[in-house]
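In the two complexes that follow, chain A is the common piece, with chain B as its partner first and chain C second.
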Partner chain A sequence: MNIFQISYKNLLRRKTRTFFTVTGIMLSAWVLVTLLGFNRGYENSLNNDIDAMGFQIILTAKGCPYEAATLMLKGGTGLRYMPQSIVADVDKSPEVSKTSAMLMHAEFDPNKGENGGTSIYLGIDPQTYPEMKPYLQFQQGAWFNENSQDEIVLGFEAAELEQREIGDLMILPGSETEFKVAGILKRTGTQDDGMIFLPLKALQKTFGKEGQLTMLGIQLKREADANLFEEELYKLQDVQVVSMAQVKNTIMSLVTSAKVIVLSIAFIAFLIAMFGVLNTVLMSVFERYQEIGILKSMGALPSDIFKMILIETALLCSLGAAFGIIFSLAFADASEKIIRYFLPFTPNGNLIAIDLQIAALSFAAIAAIGIIGGIYPSIRAAQIRPLEAIRAND
Partner chain B sequence: MNLITATGLTKIYKRGSEEVRALDGVSFSIEKGDIAAVTGPSGSGKTTLVNIIGCLDNPSSGVLKIDGNEIFKDGASFSESELTKVRRKFFGYIFQKFFLLPTLTVKENILVPSVFQKELTVTQEKINEVLEILGIARRKNHLPYELSGGEMQRVAIARALINSPEILIADEPTGNLDSKRSQEIQEILTQLNKERKITIILVTHNPEFAKIGNKKIEMKDGKITVEN
Partner chain C sequence: MKKLMLSLLLLSALCSQSFGAVGCDLNDPDRDVKRFFPQSTGYKTAYMSVDKLGGETLLKEIEEKLGDNFSGLYETIDVPYTLYTIYQKDKIIGYIHGINQKGQYGGLQVFLVYLPDLTIEDFYCQKLTSKKAKELRSREFALQFNGLTFKDFENYDPKTAQGGSDKVKALKNPNPQDDADFKAILRAVKKNLILTKIFINAKEAK
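Then we have the complex of A and B:
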C-alpha cells in the first residue's frame, strides 16, 4: 500500500464525476495539441510550398501583391500581363543567376468534374523551367523539347482527371489545336500537380497572347543582395516585385492573427478546465471531510494529506492530457480537413504536424495548470483538523 | 506505574461572547494496562477529555504527561504536525462510526496507518496476526460495503492496532452496533487488554459496557465526580 494507491482508488469512488473531469481536461489537451501541431504544420508546409517554387523573386505585371501571391501559389485568375521584352532587361543584371519566363492561362472547361471547372495552363520555357524545378520527376515520358509546339506535360492530378497517358492526343478547352501528351509528372504535393504545362510559345500562340508574360521567375546568385536587386527591379515600369520571403511573411502574418484568436480561445478552455479540476477536487475534499480527519488521527501529517490530494489532481490531469494527445493524433486528419474547409488559403502537405516535442510540451503544460488548480483544495484538505472531523460525526 | 497523568486540565470554548468550560480543572491518573471507562451524561465533557488525552486537541490549561513525557503544559498550544507525531507514537483510535475507506479492501484499510507512518514496518505476519485476533482473516479481500457493522468495527480495531499502540482510545465503539455485536467488541477489547497489555480508554454511555473497566471516571459538567 502506498499513497498513490489511496489517491488512485479515491478517484474511482465517483466514477462519473472523474470521467467528466478527465473528459474536460482531455478536450482542452486536444485543442492545445492540435493548435500547436497546426502552428508547426502550417509553417512547414508553407515553407515547403514556397521553396518548391524554385525562385527567390517573381516579377509580375503591376497589381495587388496579394493577388500576385495567390497567382504564384494557387494559379489565380484575372491575370495581368507584362511584355516579354522585360526578360532581356532582367537578364542584364549581374545579380541574376537564372530566369524563367511563364505565361499562365486559365480556361473554363465545361467537361471538367460534374459542373465544369477551370483548367490552368502554364506556358514555360523548356530550357530554363526544368532547371529551376529539379525536384519535378516524371512518372511517364519527359519534358517537351525546345522547338516543340504541339506537346504538353500533365501534372499528376491533371493526368488523373483527364485520364490521359503518354502519346494521347487532346484538344485543350478554349482552343482548336491538338496536343500530344509528352510526359506525366509524379505527385509533388504542390500546385504543380494540377497544372497542364505547354511550351511558352505554343501557349502564347494558342490563346493569342504573343509577346506577353504573366510572370518571370528569378533565381539570384548566392552572393547577390536580394533587397538591392528588388529596388533595382522597381525601376522597371509596370511590374510588381514579389519576393518569396515577402509572400511568406504576408501569409504568416495573416495566419498569425487567426492563430492568436484561436489560442486565446484555447487559453479560455484551459482556464475552464483548471476551474473544473479545482471544483471537482474541492468537492471531493468536502465530501471526505471526516475521512481526511480520521486519516490524520491515524498519523497522516498535513503534508501527507496535501500530497494525497495533489496526486489525485495530477492523476486526473495526466489521464486527461494523455487521452487528449491520443485523440489529437487519431483525429489529426479530420481536424486538417475541417481547417482546410474553413481557411481561404492552405498550403500543401501536412497542416497539422504533431511531434514528440509538442506532445511532451502540451502534457507538461496541462499537468502544470491542472496541478495549480489542485493546490487550493490540497491546502484546504491539509488544514482539516481531526477533532473537527470527529465532532462533525456527532 | 502511571502511564497517563493529568493535572488541572481545563478546556474553555468560546461560543459567541459566552465561555463554556467543557473541562474544569480535571486531574486523574491511569496506569499502564488499565481499562479506564469514562462515563457521564451527554455534555459532561467525556469526549473533550479523551480528545485531549488522545492529543486530538490542546487543553486551555493544565498538564498532561504520557509515559513520563510532558505533552501539554500551561496551555501551550501545539501545531497539528506536533500533535500528529505524539499520536503516532502512543495512540490507536476507534470511533462510533468506523470510517473505513470505501474503495480499499479490509487488508488495505488496516494498512492505511503504515502509509503515513514511514517508521512503521508492517510484516505479513503482523497483518495475519491482527486479522486472526479480530476474526476477519477470511474477509481480508472484501470491500467495506460487503461487511456487517460488527465486522467493520473489527476492521477499525485492527487498523488501530497495526502500529502496536500503547493506548487505545475507544469513543463509543459499540454505539452503532446491536447487542450481540457489542458483546463481541467488548470481548475483543478485554482480550486485547489482557493478552497484549494495551491500555484502553473507553468512553461509553452503556453502564454494562463500562463494567469491563478496572478504572472508572465518571464526569458531570466538566468535572470528575467519581474516580476509582
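Then we have the complex of A and C:
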C-alpha cells in the first residue's frame, strides 16, 4: 500500500469530517468561480452592448447639434452641414471599419399644436446604418429596402404619436410625397424612440439638402487607436468629433471599481477556504497523534508522514474545488437570475461567463491555497516523536 | 461628474424597460384652458383608463355605443386619458378632453371643450397630419361642432359614416373628394363624447 492509498483511506475513515470539509471548500470554490465568471461576463456584456451601439465616433459639422433633444431645445435651428464627399475621405483611413452617413433634419409643422411644432427626421443609409445599430429591433416590419425612396421607419414613440402601423401612409410637413411605413422599432429608451427614419437620399431630396450631411457615424477596427484617429479627424476642416470611446472608458472605469470589490470578496472566500483547511487538517493531526506515533515507530519517516498529510489535504481541496466548479456551472443561470433581480441596470448577454480558463484557474488556486494551508499541519505531524506519542496513550 | 452622469444615462439607455400606452394631453394646459374658458380660475387634471375603470366589460360597452371596435396597436384598453375639469372658484364651468385617433397620414389629437351638461362648446384638433390639414383645423370647421351632444351622435355609425342627427348629417367636410380624415374626426368626436361621460360619472362616483 503506498502513501497515496493510505491518505485516501484515512479520509474515508472519517467520512463526516471529510464531507463537511469538502463541502466548505466546495462553497468557497463556488463563490470564487461565480464571482470570477460574473466579473468576466459583466465586462463582456457591457463591452458588447457598447459595441452594439455601432458608432465609436460621430463626426459632425462644427457646432452642429447631434442629439435630437439639443436640436429641439434650439427650436429645430442650428443645424450645420458637411459635404457628403467627407465620407470617401474618412473611408480611406486604415483605422476605419465602417461608416454610416446621416442627415438630421428639423422641419416646422404648422399642424402640430396651437402654434405649430418641430418634427425631427433622420435620413440614414439603408446599407450601413442597420448593420451599425444591431440593437434596434422591430416591433413590426423591417428596415426599408436599399433602393427604396418612399418608405419610412418609425421609432416606438413616433409611431404611437402618429398612430402608424406598417403599411400606413405618412406625409412630411411641407411635402405632398407619400411615404409607406416599412417598420416600427421596439422601444429602446433612447432618442431613437421618437425618431422618424427615412432613406438618406429621400430626405435630402424632400428637403433640398442634396449632397449634405449632418453626421457621419464611424466604427473603428478593433486594433485601431481611437485617440490617434480622433487627432487625425481634427485635421479635417470645420468638423467636430464626438467620441463614444470617452464614454466607454468612463463606464469601464466604473466597472473596474466594481471589479476590485468583487475580487476582494473572492479573496475573502479564498482565505476562508485556506483557514478552514488548515484548521480541519490540524485537528485531524491532533486526533491521530498516537496513530502517527505508531506509524513512525513502525518505520515511517518524517517525510512519509509529511507527504501523507499533504496528500490528504490536496485530495480534500481538489474534491472541494471540483464540486465547487460543477455547482457554479450548474447554478450559473440561477445566479444570473438572482443578480438581474437585484441589480437595477444590467447589460444584455451572459452575466456569468464561466469558461475553461476560469475553471482551471479556480481549481489550481483552491488546490494551491489548500496545500499551503496543509503545510503547517503536515510539518507538525512530521515532527511528532513516536515515544511521546505512544506514552500519551497512557 | 458629467462623464459619470453621461455613463449612467447610457447604462440606463442600454437596459431597456417597458412603458405604458401613450395618452393625449394638452400641449400647454395653462394657456389652452384660458383660451377656451377665459373666466376660469383654475383646473384639475384626472388621469383615467378603461382597464382601471371597468376593464373588458366597460370596453365592450364603449365599443357597443361607438358602433366600432377598438383596433390597431394603439387603441387599447390601457390607454391613459386626461380629463381637465375647469373651475371658476368652486364651480365647475366645463371640461376639456382629448383622444388620439388614427388618421390617413398620421395621428390626430381631437380635443372637445364641454359645458358642464356635456354639450360641445368648442372643437380643437391639436395635431393633424393631412394634405388638407389647414381646412380641417380652420375655425369654420371647428364651429360646426358647437352645441352638439352625444344624443346627436348616438346613431352615427363610424364604420359606414352614416346616421346621426340632422346636425351631424349637416357637418360639412371641407374636402369632399378625400373624406378619410373627416370620417376619422367624426369617429374621434363620438368616442370622445362617450368616454368623457364615463370619466365624469366615475369621477363623481368617487
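The rule is simple: the second predicted complex is superposed on the first by the 211 of 394 C-alpha atoms of A that agree within 3 Å, B and C clash if a C-alpha of one lies under 4 Å from a C-alpha of the other, contacts with A are read in each partner's own complex, and residues count from 1 in each chain.
Note that in this section contacts are C-beta pairs under 8 Å (C-beta built on N, C-alpha and C of every residue); 3 or more make two chains touch, one makes a residue touch a chain.
Since this is a predicted model, take the numbers as computed values, not measurements.
After overlaying the two complexes on the shared chain, residue contacts for A:L387 are found with chain B alone; chain C is out of touch.
Contacts of A:Q149 after superposition: neither chain B nor chain C is touched. Legend: residue contacts after superposition of the two complexes on their common chain; A:Q290 is shown touching chain B, with no touch to chain C. Within the superposed three-chain model, A:S264 lies out of touch with both chain B and chain C [touch as defined at top]. Contacts of A:L12 after superposition on the shared chain: chain B is touched, whereas chain C is not. By the touch criterion defined above, A:Q357 lies against neither chain B nor chain C after alignment on the C-alpha atoms of chain A.
Note on chain A: of its two partners chain C and chain B, the one contacting more of its residues is C. Contact with chain C, but none with chain B, is seen for A:E157 once the two complexes are overlaid on the shared chain.
Those residues of chain A that touch chain C in the complex are listed here as 46, 49-50, 109-114, 117, 139-140, 157, 159-165, 168-171, 173, 176, 178, 184, 186-190, 246-247, 250-251, 254, 345-348. Interface residues of chain C, counted against chain A in their complex, comprise 3-4, 6-7, 10-19, 21-22, 27-28, 31-32, 35, 72-74, 100-108, 126-131, 133-134, 137. On the side of chain B, the complex with chain A involves touching residues 47, 51, 54, 56-57, 80-81, 84, 87-88, 93, 95-97, 99, 101-104, 108, 111-117, 120, 159, 163, 171. Taken in their complex, chain A has these residues touching chain B: 1-3, 5-6, 9-10, 12-13, 290-291, 294-304, 385-387, 390, 393-394.
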